[in-house]
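Order of writing sets the chain letters: A, B and C. Residues in each chain are counted from 1.
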């Protein structure tokens, strides 16, 4: 599938701000099942934009605007080719929960098994995870149940949480948006020893009535490592195994590692921040 | 619609109509010329034609010293057939996207014919062809505008141009009869009727009785003949009300008011009272009213209120300067 | 001889769109269906198709006016029946490269009219911008609606002897040709309906719709249906046909300067129903004619007070004012640097190496190598003001040399690129003719490019000049889906 994504972020400040330093993680990844044909990140007021690869392998654009400005417009336009990465008739069952100790020592997996900024490994969450696991002995099966549990029991609800809401709070209040659902899923998986990471990206809603969630904004979900088969994406917001309708920008331990726009500046809080994401299919 | 477009459409059809009228006049005059020659009566009817068209001075100042050629082909005089066709085409060109392809092609063909380098030669050898072609063109043009264009606002402005010009032409023709300085002869009356393409229609109504009273009555008051003044003014009245959306009998602008008053005069007075007031004076009065109607249309639909006071008193002359 | 025969077809040393570099006449697979169709035609079938196409153009009145001709002759834009075919994958790259380029150009305009960071950072010399003939100091500090300067961009593309796409120049003021693109397609669909269908050619007919959307996007009155108009210089303009065509397709009024009036910072059009406020003006008139109070005092084409209304934000104008800076061929030389600077990446489509005569070193090189270069005036278009070194006379070269010395800022030079060739119907069978491509990039809510564009073809044998004013013709461009 070829997808085109236009992602606009528009800040307006009540009075001019200055010394703005920002990092953008908006450039879709290229890997075995996704190729980013092009991605143009543009910034207004105009300034020089540079890029580097961060430790998680994500392409970061960064820029500074020293002079006074009262609005900041960040746009990215990406064209991405995606492939089906899962065979739905042949999901990666077979890795047992017992075998998880094999990955535990793998240094590449360590970060995805521990607590991080938004995620705690705690006995309370572990108990909840074990309840969800029931008698599943399979890694993928367990992760799938966790996704389904969140989808069925959590309320999707805008503006009850913020960009800084911790997984603990989400698990307790069972409310939130995709970022929160992903954090919750990651916390539950990690407590059971399943390596789980946070993925930021976009979702193309293939349904005619646009009934799915997350296609009008930047989306997030989690990926779990199934030993022997690799990473698999699970989207608790839509109860869906990630397929070629998803575009990955990047992944990390949690939101903090991949937040699309981060930065600092001198001045007052923005009076408005508008985010608009349009995902278009190019090849149909 | 854009005022300019309305204006262009109005003038385009007005010029076409004028070209036809002037052509007929010349054609008839040529003919009468022959007849008079045979009857050995000396009369300067070319002069009276020029007089009726207010072109005496223009003729005096033009390099063409032949009356006929001047009326047909003067490049300086604004109502020569050549100028009319050129101006009609110029106006059409400005709004070509509003016209049907057929209209454009017909008009452009006549324009190319008249302006071709071989035309003077062709005219010398076969003038009849020119008269036929020009008159025919005008008729085709009318047919095409009725048959190939939306009868919307633009079409109404075209029709307005046509009927205003026609009322002007017809009144001038009658006026010529009053300016002969003596009682018009049978030939003069026939000439007047033919200038309005009204000879056979007249005969059907009056069974051949030719008199100034009857001819003037027919050309002024006929309810059904499309070149009578009354017919034309009645059409203008309808069209103006269709454009403004104001019901007939009321008026929302000066053009409607003046037209209404002219129409009332034509509807409710008769030839006798006109003759009593003096034919020339009455026609002159009507004519001035119609000129004012044209001016008011321009002021209502083309000019902006604050531009009117600067608009000058001779809109036709000003307009031509704008276009050249 | 049968005009549709490829019997004596020679690709010579050029890149051929149908046969590539090879002389072994291996046709590209994607050209096969149309090639077969054309070669299957009998001579009389072919003549008939040609006649059909020509009369179709006449009927629609698809004409342009040639300048320098007293009577303002209207001509048909010559049309060639062999379509240019661009496969899916190739077009995708071109499309993305164009998107990248217009983004950078638009950012550059935002920058130079708002402080010029790219200048203070030393990437582009200040004098390049400030001495550009189309730099409009009136626009400094003004925020254009939606921050978009270039709403319609025509960046001409050529292919070199290896088939690589290169940008030849940018037209960010009033690029024309979109009407031919649409008319050509109508005619080709009638001429080769089955082949057209079989090759699943991507449609271009959305263009007027997208253009209108891009215009409406700029309206200052967000709460009501915007009133957009197309402002034309008038019937004597060479592109008048295009203006009426596009206005009709979009269903908006085509107006001349005298139809508009600016009162107290608002622009209105004069209609028979009174004054109607105008929100967006798609102008097909150069900056300097727009407003006699601001620019050319003698312009009768513009509207007094228009700039005032524009600068007050009460009316939007597309393309924005001052976009001509990027049409300047000296600015053009810096576009790769702009892309690096604003987007932090390399250009996806390269461009023709350019020598800037105001640089001492470049000028010396240019003057010494005039016969191997194309010299262009920085601010002329339409194939005017140009010296093609290898076919120039000694006298012409001397004249250009002295012009360059007198006014180095106004001249640039580029190596002579052998443009790709395309099979084209000629009186003695099919022959290769040089072509370029003018795509139309629309920048509204987002950037949209109708697939393909107008392929222009130099009908004279060996001529490299494709402009309609210089005897060029056009072809339909078929971008295939998958």
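Note that contacts are C-beta pairs under 8 Å (C-beta built on N, C-alpha and C of every residue); 3 or more make two chains touch, one makes a residue touch a chain.
Predicted model only: the values in this text are computed from it and were never measured.
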Pairwise touch network: line, ring, star, complete, or other: line
Leader among chain pairs (count of C-beta contacts): A-C
Most centrally placed chain - per-chain CA mean versus overall CA mean: C
Where chain A and chain B are represented by their mean Cα positions, the distance between them in whole Å: 79
Centre distance in Å when chain A and chain C are each reduced to the mean of their C-alpha atoms: 42
Chain centre separation in whole Å, for chain C relative to chain B (CA means): 48
Partner chain C, residues of chain A touching it in the complex: 6, 37-38, 40-51, 61, 67, 73, 77, 79, 278, 283
List of chain C residues in touch with chain B within their complex: 59, 61, 234-235, 244, 247-248, 253-256, 258-259, 261, 269-272, 275
Residues of chain B defined as touching chain C within the complex: 1-4, 6, 93-94, 96-97, 101, 153, 157, 243, 301-302, 304
Chain C - residues contacting chain A, complex: 92, 96, 99-100, 103, 107-108, 110-111, 114-115, 117-118, 121, 123, 147, 341-345, 348, 446-447, 481-482
